[in-house]
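First chain A sits with chain B, and in the next complex the same chain sits with chain C.
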Partner chain A sequence: MKNKNETKKYVPEIPQKEIEELRNSIKTTSQKIIAENIERMKKTSKNRAKTMQYFDENANFFGQREKEIQAAKASGKKVIGYMCMFAPIELILAADAIPVRVNSGWYDASKLGDRIVPVEVCPIIRSTIGAKMIGLSPYLELSDALISVLTCDGMTKLSEILSDYKPVWTMPIPRVKDSAHATRFWREELLATKAQIEALTGNKITGKRLRSAIELTQRATKAFRRLQDIRKGAPVIMGRDAMLVNQTYMWDDIKRWTEKTEALCDELEKMAQQKMWACPPDTPRVMITGTPMIWPDNWKAPTLIEEATPQGVLVADELCSSERLLYDPVGVDEWTMDDMLNAISERYLMASTCPCFTSEDGNEDRINWLLTKVKDWKINGVIYYVVRGCMLYAMEYTRVKRVLDRLNIPVYYLDTEYTREDVGQMKTRVEAFLEMLSARVDI
Partner chain B sequence: MAMEIVGDVLRGIIISGLLLAGILVILIWVKDKTARISTLRLFVQIAFVPLLFLGLLIGPFGMPQSPQVGNAPREVLLGADILGHTFPDGISLPVLACWYPSGRTVTCPVWQMQAYIFPFWNAGPGFGWGTFYSSSGIERLAILMGIFIVMALVLGRFFCGWICPFGLYQDLMIRVRKLFKKAHLNFSDRTSAALRQSRYIIIAIFLILSVILGSQAIFGAQLVPDTQPGEYFYSYFTAPFCQVCPMRSLCVLLETGLGFMDANFVFSNTHGAFYEVGYYVTSLNLIVLGVVTVVSLAYRRAWCRICPLGGLTALFSTFAPFKRVALMRLHKDEEKCTKCGICKRVCPTQVTEVYEEKGGDVTASGCMLCFRCVEMCPYEDTLKVKMAGKTVLKSRNWLEPSESE
Partner chain C sequence: MITAGIDVGTQSVKAVIVKDNVVISRGRAFSGFDPAKAGELAVAEALEKAKLSLADLKHVTATGSGMDMAPYANSTISMMGADAKAVVYIFPKARTIIDVGAEEARAVKCDEKGIMIDFVVNERCAAGAGAFIEAMARALEVKLEEMGPLSLKAERASSINATCVIFGESDVVSLIHRQESKPEIARAIFDAMADRVSSMVYRLGLNPDVALVGGVAKDIGFVSSLKRKLGIDILIPDYPDFIGALGAALVAASRVKEA
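Entry: the complex of A and B
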């Protein structure tokens, strides 16, 4: 083995003192932003479910959950981080490890990432690199290994950069999913990852364990779908609150998350009966789709929509940081090891509507799913949210717009960056769009 | 005469009323136990076994051809009279309810087709198979096919998935395999499609064989020796498919084992040491049954991939022009489908059309309408079973981990 520093491929030399300073300052800002965001969410919602309290607390990155994971690690558990929602959580759970999603939403960290990659790169990637450089994200720091699914160009190179710090297991994903060899290939990748998880944790993934892991995530999906169904009606929960619930799934204990979400749904159903709406029922119903939005910093687009005058309410989204994370269940035919693995591999590959896929008919799956959402959630308008550098989402916009135009659903292309500077002009754009929507709703 | 018809009608009404009441009682009793479609299907399959073999419960147990202990129950139960045409073999359902053993209440249409083609040209009524037929082969064939087509149009291959006792046998094999926690194998898509097409070759072969072996009656000349009426192979070879069908040996072995048939008689009624040919069971029957049993332990519903009866039912329900009028259809909503592939993976006969086709009517000829895909589809309302345009079953949010299996 060579000198450790020589093996570093990307990491710049930064003095320890500077790292500490940067970490402390960004952490302090972030804690302020988390508190502020939650405060604003509480203010926006006229009637806010009391059970949201749990998720508000859980939303604190530097709080209870971090200590819990630390304690679990001290008792010998392993933590496995993942970047894309294609990572097989069930396998991680079955090996008695803790899955956490480690993409970063910190605006300030993305500026640090500029020291390694150029500014044209997607800010999520830059921010994740930046967060790692200064050890900002508690979950990324606690991870023993990372699963990186090579969905977009950014993720592909991100895994290379992060491998300077931690073991990274890459899972290349076939870009055309609709073929037998694609499924076979992805299944092989899954088996390789399974072997790596087993080697890291020292726990063998047995059929019994895998089954209970699958049942655990199925229950989570059930709770999640219940929440989504409630949102089909008049708004009893603001979109940001629901998005926060979904986001906390990425680091929370899944069993507890499921219980709390069920409790939240119980309360929301009661509120719906008493007609305690979170905002006036005639508020324009907006769906957001596009680049993932990661808690805590990158919360500006939903905040702008729901705090604008006229107000809009997010009743659905098609984001891999939110609804796509959980909507599809693992459907097992026979509870044999073989079929469980098949089911897991297909749930991640085939059910996904990520724009990284293409097909003869132009990623029809995502288009169809968007159309279903528009109809089932009675959407008045769609905001197509893209951060600069996010090629896949940006390039699919024209197609999505054309299809939605046919349904006479207005779409607005909202492009932005990981920065707070454009909030003012974004506000103007969002409000103009909502103005138009509410005029249409009135008609 | 008129009084007799009224009596027959009344008796028919009473029997069918009792049957319906029985089915209803069972359905209500198992209602909460069968929230899942596959469990309900198992109950229905099991319930149909005694219905199809009702004669076993009420006796007396004569030989189907020449009753030795009095009249065979089928003569009392289902010997039918349709527009003056006597059907001593009973009416057929498109399921493998074997003609040979005693006690069945319906007949396998494959047997009937072969048997009726045989005296096809023999215009006048007469004796065949030891039973009296009041009409010629062509008339009986027409009635048989008429009823068959109507049933195929109404329920299609629903018969295969929910009623056929040989399907139940293979489903039990699946359960046996599950006990050992072994995974099933899959045919490649190409093999699967080839098997599906082979059904029609099998149909063609047995129809041509029926004609050749019945050449005495058709051409007045014997193409194969000893197949003249009254000669040794006459009664054996006019139903060529039945000499290889695995259901015949399964039925005969089961009924003999249960004591409903006399083992000495069954196994003495053969030619050669290994039942080369036999009235009740041939060595081919036994070999095919053995092979099918072993193969269906590895592959789900292996026999159904090549079953000529399933192929025929599919012919009259999934091919043009019949598919336009067939009532029971599987429907897919293109927009709600994310192509997650679950329907393809859970299908016991490896039908790919439900997954591959974009939307609309996705009923395929290989699909036996067991509705496993509808049960497992996790997107609400995406897959629907439509009966005459009305939705009777649809996919729903099934996310409650099952305790069964």
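Entry: the complex of A and C
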């Protein structure tokens, strides 16, 4: 238990005035970047679905959704934040609370995190710490408690640091998932988290409520899959637009998100019938995989790929900030409490391709999934994206490259930091890679 | 048919003019603060040597980190693509190209047609590139061009850890304090660079023949360290620093033919 009288474990005292100045300046920059990103995304698409407008607006962290959540809180609802996508959203929803993902994509905030942890640490971690130090992220600020799944070293220590501010419920996760005791262990963790959620919200998670929460995310999954399936064909949506749609799921109202995504899919299917492509159909088809890419600042890799000369189009990704979020439904056989909890436990543990897992055969699930995506989405080349300090993704690269080499699929390791200064160097590399892919597409 | 290639590098701009696939002249200027102007100077020098005018150039292709700033360019090609094209033109059996320039080292895998099929670039750090030798020459108080010959006189190998130019320099200072001789320190510097470059090449896969290009290929100290590390012979073209520009000029010629 956290001792309330204990002085803060990590966080230094910062004068209120400095906090406000920093928050205002980073927030202003961030609003400009959000607007600029959306503008550039609009410009890149030769034809762009009109129903994207909803997602463009929802991309504003400091807009309508923030006000909605504030109002919901005022009426007594609780907000539960999470960092990794292993957090069981269905349990949060079943307790009538609002789930929001709170990892930070702000570059400038990572410099503040440097006051607490060394620069060698993954910038997503440093930036999330920095964002909390100055109260930058609306969704992190609005969270009443945080679920921290201990996937990597960064996340493990991040939860300690954030506990200086808010209640943090840790969920250790087994690194080898294919065993009966791993399943049992994870299910126990789920039950413990369920009890925490019930205690915070004062709402009991009944079978009826849990069933309707699962049905809600199942519908979201269906819409989500439909969108990714559309991207198997000639491009009617640019990758950045699809990534934005996927990512807004992390903070939007899930019912409304599902409806808007279905409307988008309807429009995209019509565009495909009319051959209204977002870019020329012979544009090299690229998949990106690796470290999660968090809106709004950390958007440079997909931007470089889709604005490069020669151009590439992202038709798929294997990122926990995008396509890994929702691809797998919670599969329930019988709507009993026991069965529903088993289904949730399975969906989060077994379906994940996070590199925090290993087995006798390595992280086979990720390798197999990457190969399936290459085949089904007809990928011409893969960008393997890693931010410095992200050990698990960096180390797994060698294996992924070896597997893709055998299929003669080019893959390029693009490493970067939470900074805007290396865009020139990254551009050189990305363009050389796309030049190579274009030469192959021509052949 | 006459075409030109311009390589806008971080330290200098190189221009090459090619007539019917044969090099007829070269030009060079320091990039400085105005790479576009340097590009004009390099092209002017090459044109003058060939007794040609701008209007004689059928197509100009630019490459290099500053290729977007290149003057007269009709098209561009990546540095890795240009390297592959030029090296296979000179050495038809080359399949791996190591390019060590002032601030970046790259390795390119290519096929028999001179088309790149894979590449790696050193990870945002100058310790495997020419700027490292310059900084270390300053620390040893010798001229840049003396570093190579000096290192060949070393009787044994010391070692430093080139993770970055700054830490490399402090490692060199501790060798100076241990009163190691200058030749041994010079060799340690080239060995450290060759270590970095060779591990990059191994990540890509070492397919013979291997060619070394870029300005640093002219440094016999680095060449001998790299040969030792890789354990195989390395092909070095004449004018290794003009390879990027040559590749661009050859690409320019094939683009005219395609059009």
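Heads up, the rule we're going with is that the second predicted complex is superposed on the first by the 437 of 443 C-alpha atoms of A that agree within 3 Å, B and C clash if a C-alpha of one lies under 4 Å from a C-alpha of the other, contacts with A are read in each partner's own complex, and residues count from 1 in each chain.
FYI, a residue touches a chain if its C-beta (ideal position, glycine included) is under 8 Å from a C-beta of that chain, and two chains touch if they have at least 3 such contacts.
What you see is a predicted model, and the numbers here were worked out from it, not measured in a lab.
After overlaying the two complexes on the shared chain, residue contacts for A:E215 are found with chain B alone; chain C is out of touch.
Once chain A of one complex is fitted onto chain A of the other, the partner contacts of A:P329 are limited to chain B, with no touch recorded for chain C. In the superposition on chain A, A:Y413 makes contact with chain C only, not with chain B.
Looking at the shared chain after the overlay, A:T353 reaches chain B, while chain C stays out of its contact range. Of the two partners chain B and chain C, it is B that touches the larger number of chain A residues. Look at A:D365: by the touch rule set out above, it reaches chain B but stays clear of chain C. In the overlay built on the shared chain, the residue A:A74 is in contact with neither chain B nor chain C. Under the contact criterion defined above, no residue of chain A touches both chain B in one complex and chain C in the other.
Those residues of chain A whose C-beta lies close enough to touch chain C in the complex are 309, 398, 410, 412-413, 415, 422, 424-425, 428-429, 431-433, 435-436, 439.
Listing the residues of chain A that touch chain B in their complex gives 177-178, 180, 183, 207, 214-215, 218-219, 221-222, 225, 328-329, 331, 333-339, 342-343, 346-347, 350-353, 364-365, 368-369, 371-372, 375.
On the chain C side of its complex with chain A, the touching residues are 65, 76-81, 115-121, 123-124, 203. Taken in their complex, chain B has these residues touching chain A: 178, 181-184, 189, 334-342, 345-346, 358, 372, 376, 378, 397, 399-401, 405.
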